[in-house]
Structure formats: C-alpha cells, structure tokens
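Each chain gets a letter, A, B, C and D, in the order it is written, and its residues are counted from 1.
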C-alpha cells in the first residue's frame, strides 16, 4: 500500500528540507526568532496563566490501542523515610514509567518516517533501540516559547465539539482566525481546538479515541503558507479517524513532521483557554511549552501554559 | 536525634501555615499574582531564551546514593513500524522509567515532612503508596511562570564555583543582589548559582554530589522576608554536604517545604544564564518552569526557560 | 465494615502463628521437608514436563481494575549492537516493567493483612515503600519444589469450567481427590482447576476477571486439615466474584496468607496439565515453582513446571 | 574488526543449524528428552534443595557498564490498602523495572548475533523494538528441567576462586569432571563454578565485573562434544575479561548462542551448591531452571534450584 500520488504532491509543496541547512534538526522551530518572542511577551496584558496539560495519572487517555504507549505508572520509592535517623527530617520520593507520548505531548520530528526518511532527508534507520533518535531528538528543540494563537474551530463553527471524522480544513482554520481577529504569522504556535477532549474529560476515553476529528490532508499546506512554528490540538492522534482518504493513514504526521519539520502537539486541553479567550475577546498570547529534554526522544511530555 | 531548638525557632519565624487558608496546598506560589506575571513579561527585552534543564539520559546526575531515585531509562517500544501495512507512514515511540527528582526538578511541598507534618499542618501519613501525595501534589502547582532573578553568588564572590561545604548565607544572597542590581521581591523566583554543576558537566558526578555548597540554615528566613515564590539552585540536593550544623540534616528542606510551603528546584543548569546575564548586565527575566502535572507527585521534572 | 464473627471463628481454627516459632517467615512452606521432596521425585515416571505459566506480554490478564498491577511492558534497550566495533559480535538486551502479580504468580505472605496484622502476628506497617516487606518477603521462600496434586474440580464435576460465582467447597475438593485417586497430604502443593482461564485463553479477559469461581470461605480449613504447603488455581484473584458472603471481600486471602501463612498461586494455566493427568490417569507429580527472589516482594512471577 | 578465521573454524565445528530442522527455535534444549528427565529425577536421594539465584534488589550486580541493563527497581503500588472499605482485608502490591539479564539469568538464543545471523540462520534483524525476538524468544524454551552437573573448576584446581583472566579450558572441565566422578552427557546442564561471585557476595561488585575468569574459546567445542543442553556459570558475563584473544570479544557467546543454539546462564550463585556437593561427594542432581516466559525475550531472570 504505497503512499498515493496526491500525498507526494502535497509533500513536495510543504517540504522544508535544506531550508535551514543540511544539518538542521529542529525544522520550523527555527522560525521562532528573538523578535517573535519579544512580540509574544508583549501580548501579555492580564498576567493570567492557563495550563494546558492533562493530569498525568494511570487513568490517562491511553486505551491500550497504541502498543507500548502506556499511561503513567507513578509509584513511591520512599514515604516519610527518616534516612538520617529517628526524629530527623523525613523524605518521600517517587518514580514513573510512562510513554513519552502518553499524555499531553509534543511529537518530535523523529516520531515518524516515510519512504525510509526522516525530516531533512535523514535515514529512518538512524533511530535505534540503544541510541534512540540520533537526529532531531526532542532534546534538540531546547526551548519552545512563542506567540500562541488559539484557532477555536469548534466555536467558530458554532458547535461544542466537532463530530468524529470531521476534517479540519484551511477554510475551518480561516473561520477560526476570523473569530480570533488575529492573523497567524511566522513563528506562531497554532492551537487548534476541536472540543474532542471533552469526551475524555467526561469520562469516555474510548469515544475520545475513536471516531475523532482531526486535520485534513490539506491543512499542512496552510500551516506551511503561514510558516507556523508548531501546531497542537485537543485530540488523541492529531489525525482524523476514520481517515479522510481511505487507506491513507497518518498523512498529516508525514507532512508535518517529515516534510515540514514541524512539531505537533496532542492531547492538549484547550477548554479553559477557549473560555478565557472568548471572555477576553483575544486569541493571541505568550505560550511556553518546553519539551522535557530526553536525549534522542521521539516525543516528550509537555506542560504548556498560555499567559494572557 | 530530635531536631534542635535552633531549628524550631527558625521554623516559627518562617512558618506560613494558614496564611493562605487552612485548605491551601500551594504555599508561596500564591505570591505569583497576575500583576507579578505582567511585570515579568515586561522584563523581556531581547527575546533570547535560555533553557535551564540538564539532558535527561541514563548517564544523569544520580549516583545511586539516593535509593530509588533512578536516572532515566529511556527505551524505544516501536521503531519505524508501519502499523497500517508495508509502505505506509512509519512511527517510532518511546517510554521512560525515572525518578521524578532524578534530573532538573522541582521538589513538591509533599517531598518532606518533619515531626509528622507536611506543609499547612497536613499529616505526613497522608502520603501513601497507592494515592501518593493527597495534599500539595505537584499537579496542584499548575503553572509556574513568574519573574526570575539570577542570584549569581559565585560570580558575586569572585569565584568560578563555591567550595564544597560553603554555606550560602543571607549576606551572600545580598552580594549577588547587589551584583544583579535588582531587589528580589514578592512572587519572584530566585535562581541561586553556586557553580557546583560544573563538576557534573565536566564529567565528575561523584564530586558534584559531595562535598557540595548549599543553603545556610539562615537562608530560608531571607527568602521569607523577601516573599519569594520559589528558589532553585545548581546542586544535587540544595543543601550543604557535609552539613552546616553537625547531625542536622536537610534543615533547609524542612524550613522551605514544610514551614514556608515554598517549592525548591535542584540540578538547574545556570551556567549559560550566568554568562548571558553578565553580558547583558541584567539579572531579571521572565521564567517559565512548569511542573509536569503528576497527580500526587512529591516532585516533578521541569524544563525551565529564562526569557531575557 | 469490620470482618464478621464467622470469619474470626474460621481464622482461629486455621491459625498457624507460632507453630514454626515466633521468628518464622515462611509458614506452611515449612511442611516441605526433604522427605516430601524425595517422594515427589519418585512420582516422576514419564519425564514429561508441562509448564503452567501464561506468556508474559503486554496483552496479559490484567484489565486495569487492580490499580498499578500493570501487564508487562517489555522493551529492547539494545538490538544487535556491536559494542566492540563494526563486524564484532552483536548483542540485544531487554528490560521490563510489570506488576509482580500481573501474570502467573505467587502471592507472598505479606501480600495481605487484616486487623493490622500479617502472618505470625507481624505488624502490617512493617511493609513500607522503601523497604517493602520486612517480614515474609518472597525472597525468604527460597525454593518451592514439592509434590503437586491436581485437583481437577471442573472435570470431577463433569463441566468444562465452573460457573462464575461457583464456590469451590471442601466437598468439591474431595470429589476432585476421588477423581485423582490420590489423597492430598502434608507438604503437597494443591493445584485446583476451575477451567476459568479458558476465558482468557479464548480472548475474553473481561469475562475471565468477572464473574469468577473461586474458593469458598470453607476451603482454607480443608487445606489446613490436609496441611498442604501451598495452593494455586487458574483464576485472576483466587476468590469468588461476586463474593460468596455479601460484603465479605477476600476472606480466603486473609485466612490463607495471614492466618495459615500459606502462599497462594493465581493465573496458573492448568489446561494442558488437566489433559495430561486425565490421559495418564495420574494426578500427582513433581512440581517446581520457584519464586523470583525479589527482596521484600509481596508477590512474585513464577514459571511453574509439572514433571510427570 | 571482522571476526578472525580461528573463530570461523570453531564456528563450523560446533554449528547445529538444521540439526533439529530449519524451523527449530530452541537448539540444544531439544537434547532434554523425557528419558533424560526421568534419569534426572532418579538422582534425587536426599530431597535437599539448593537455590542458585541472587536476591533481586537495587543493589544488584550491575554497575552501569552495560547500558540499559538496570538493576531491579522494585516499588510498592499499594500498601495495606483496604480497597473494600475501612476494616476490610488490606492488600499490598508491588511492581518492578529491571533488565531481564540484570541478575541471575538465562541468555536466550536471540541475545546475540554475528555476521547478521542468529541461531539456525535466522536474520539478525528479526529482532525489533516492537516485536522483540521473533525467533527463539525465551518463551519458546518452555520448561528447563534436567540433570545438572556441577563442574567445580575452582575446587578441582585447588583454589577458592579462579584468577581474573583465567580461561576455563576443556582440560579444566575434565579436571572438574574427575572431581565430580560423573561424566557429563547428552541433555545435561553443566554448572561451571569459578568462585568469581564471591567478590560480589563480599561487597565488591566492581571486582566481580572485571577482571573475570570465563570460558576459553575452546570450551564450546567440549560442550558440543558432550552435547550438553545448557551451561551456566558464576560470573557477570560468562566470558573472560580482559579477553583471551586480543580484540576478540564475546566469542563464546557467538559460538554457544548463535552456532550451537545453546542457552547460557550467568550470575548463578554456586557457592552453597559447591559446599553441598563436596559434603555429599556427589555432583549430579535434578535441576529446575525455568525461564520466565517473556514473549520475544532475549534473556530472562531465572530462579534455579538444585535438588540433591
């Protein structure tokens, strides 16, 4: 089942290989310049902070369908232990085992390959068990702080949440932009709200997983045209399930990560942000969404915060 | 070996129990008001971002001395797997097992207890194996964004790094404040540089661990007077080893976390920040240092970023 | 909801505290004497070996209902790595994260407590996060090899498998003994087959979990009378679900582990053994079922083998 | 650094590919016939059981030199939790993260490859991150019970333990056989004692790791001639360190696992067994050493027991 010609044509149009040099490992994050960050800081008017991460717990969003992507198993290794003798200060300590993409996360650029290639033409087999991602590991991303723009597609389309299977198109994104009253520009991080995460928050993780709205195969071209630095949404996989085009699975991953070199965020809880933006009638803000620097990581948990 | 009267007197002077109500679980993070954050955003002049986390890898700072606080074991569960058939988009996925305080981290308020009590008088035994921290878990902290101030004690004292065993006193902190040309104020996050982390960066993790500079038992009172929201440094345990007062172990943990309810950061790499601040002759900046929201966590990895 | 008087009366009748001294940590395993093992070896006539463990894999028997008892997450840390240079011998290496009681396992004596006590009157709070089980950890059990006797209750009652909720009574056990043509005696390990594991083997792990046959509260007294060293069955929890007596949960665990000090095995696959015993018309054999010596473990995976 | 011709000649002489058919995945374990097991059971005269596994604990034999092969991190997920309400039976539950070859273990046949091949000519790349070992995974081994023979080389050579770097040769093995008064034959499991593990038991795990006695490159041919089913010893890696032949690393692994298809055991504590055999002047016994059935495992913890 090779990828169809439609995919390859889109791939050509959004391809960024070589754009920041043959050695580049961070792709569109290069678009976050100091100037972009300065302007992002200027958007802060109220000082209100809205965290966007889901709680990390064993009862997380994973259902077992994605093999090995386990919800956090978080256990205590010490509880009030008086290591220095009875009556001394006591400490508690904990450990976790989890899929790096189990909860609210960034996909790193090495998370997917197609046709044997990663972003910037790196060979797919440069990802190994003992070394993990030799190129474009999440530790390379360093520091993701930029202007965030909420593209509240659900609100723009007048629904609480988009239907399962809904394809978020460029037209949808522009409707959200119009609602926002702000034009997405180079270096921005677009947060695209479908409302799908309400299903998880309401206790139905199966319904959250499937069927799901997600990005149309046409969306990456729009992101490329606007030169966004990254995109996140409020779904489990970012993609539409069932797929927009029969038998074409995860095309947006391949276009975003491999061709454009653009990180993707998933399982971001945009509900409170949606309320806040609607109340304040402003949709641009400072966004800090730092990857945990796992060396060679193909993804990473992230605890993003929007500062309005 | 009960805690000495000197400790108990200091404890009384810095105690914040009840200050934000009997139900409060976040302590001095209450001091980060919207106004503080607005002013923090205003400090951004260059847009330069400096990440402060150490890479997360098996060869991390832990030496095995702290039982169970294991360095990250990061493995691949899928490498370029074509889940939807040959020739389709391929995905890689990874998992980690690690101590939540193994690398650059925040101590949550439930990390230590003394005399059977946690912050705000909660019973120490409210930390359990299956529930973890019932009160003041790191997920409660939500969003740590504030003004950061680098207190570069090593530079202020004219040394590359402080000696092992050096007690960072209020006088040292004020020398660093003078160098910084900025007065630490309510809601600030103080980043206190000793230079100790150079030993780890240079490859000697045993020397990094011991002997180590750290905070004098007198420092918490200074933090309390200035009403800082949090303090982080560039050492393994925050404390002085060997201890400042014989047989008094981890007094600063007990004063900061239990009495004041003030989060502590450890293993923060402040070397690049020190260079940047010295170059730009400015020591205050926007700091984003979001806890990963582990439900009931007594600590959390953090990937802090200073935005200058 | 205190334990009812019926429970306490049974507890008194099966109690073994002090029987092997106040310091004893292995309970009924003391009954496996050298003579018992010699006789067990004499039962070997064919040399046929039948393994009784379920495969260890992520798709194991756990459904998430028992918090933290995670199925094995088994990942590679090295795949054909030529550590000593290109062309040299290459090695692969793997790691696992799993609940010690996730698959085919022994419950250690410290797995349950009631009324604040463990086996032999030890305080329940001697189990801690950092030290785990201070008394009766599974590493103390050392070496479990004895005569095994299959009590094939399902076959004796003429059914493929017992119904969910069926209480295995002393009468059932004696019917199985009659079928076996062998009397259970001191030091034996009784393997009690309900057939319930067929549901898991057939792909329905929810049905395997609930409803389930298990041991009647009257069974422990029979085990006590026969002085068996250990008992294992082919169910998820050993107990009847829904419970035999309303609101009395896990009474058999409390009687077996706490009062008698008798290890329990769960998730043992007795299907092939049932066929073999029926074919050979013999139900006693050499059983080796060695605990993995986790220091302070309250349970342990086991890969038992019956040698006929 | 290709493998030298000396290696390739030995490889040819011990090669078992195709011997048990092209589909075979268990190699020399085929030699353990029912008759072998029957005779093994007949060796039991005293009923005495001697366990051969090291305790599983964080302070295990691993020093960090083998990347990712982590000592067991064993933590509690529940401690005396009354899941069904106050006063009900309370349960404790634990989990572990560990390298499958961290402690006393079997190397599975898929643990090493050379020249792109595994045992029986299978391609090395059939080991993958998501599937692990597609061929010869440790779950295939099923049930390892056979006659064990202690070849106590240290005792035969009149030393407490062999020197670091000592190559255990066929001549050494025959000296031990003579001491044992028993000839190793087809299907036996040879336990070869060097005494090296005394260093670990005495607290010096660095010395245990290096330098180490191990098998001469000539030993596999002897094992092949005797048609043993498996071999275990009391060292960290089975091999000699520093190597017997300069720049030829792990040749015995390649000969045993890849060419012969013979499992290897490491970190087996043979000290108590050595005492018992010397006392009883008998060196053959029933050995049960069941692999934990990790699906696709390249190694497995094992808790072996010798029954004398």
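By definition in this document, a contact is a pair of C-beta atoms (placed from the backbone, for glycine too) under 8 Å apart; a residue touches a chain by one contact, two chains touch by 3 or more.
Not measured: the values here are computed from a predicted model.
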Where chain A and chain D overlap in contact partners, by chain label: B, C
Pair with more cross-chain C-beta pairs in contact, given A-B and B-C: A-B
Same or different residue numbers at the chain A/chain C copy interface, by half rule: same
Length of the line joining the C-alpha centres of chain A and chain B, rounded to whole Å: 26
CA centroid of chain B to CA centroid of chain C, Å: 45
In chain C, residues with contacts to at least two other chains: 67-68, 70, 73, 75-79, 92, 95, 97, 128-130
Chain contact graph, described as a line, ring, star, complete graph or other shape: complete
Chain B partner contacts - residues on chain D that touch it in the complex: 58, 67-68, 70, 73, 75-79, 81, 92, 97, 128-130
Interfacial residue positions of chain B with respect to chain A in the complex: 1-3, 33-42, 44-51, 53-57, 66-70, 72, 74-80, 83-101, 110-114, 124-125, 127-129, 132-133, 139, 142-143, 145, 247, 249-251, 253-254, 286, 288, 290-299, 301, 303-305, 307
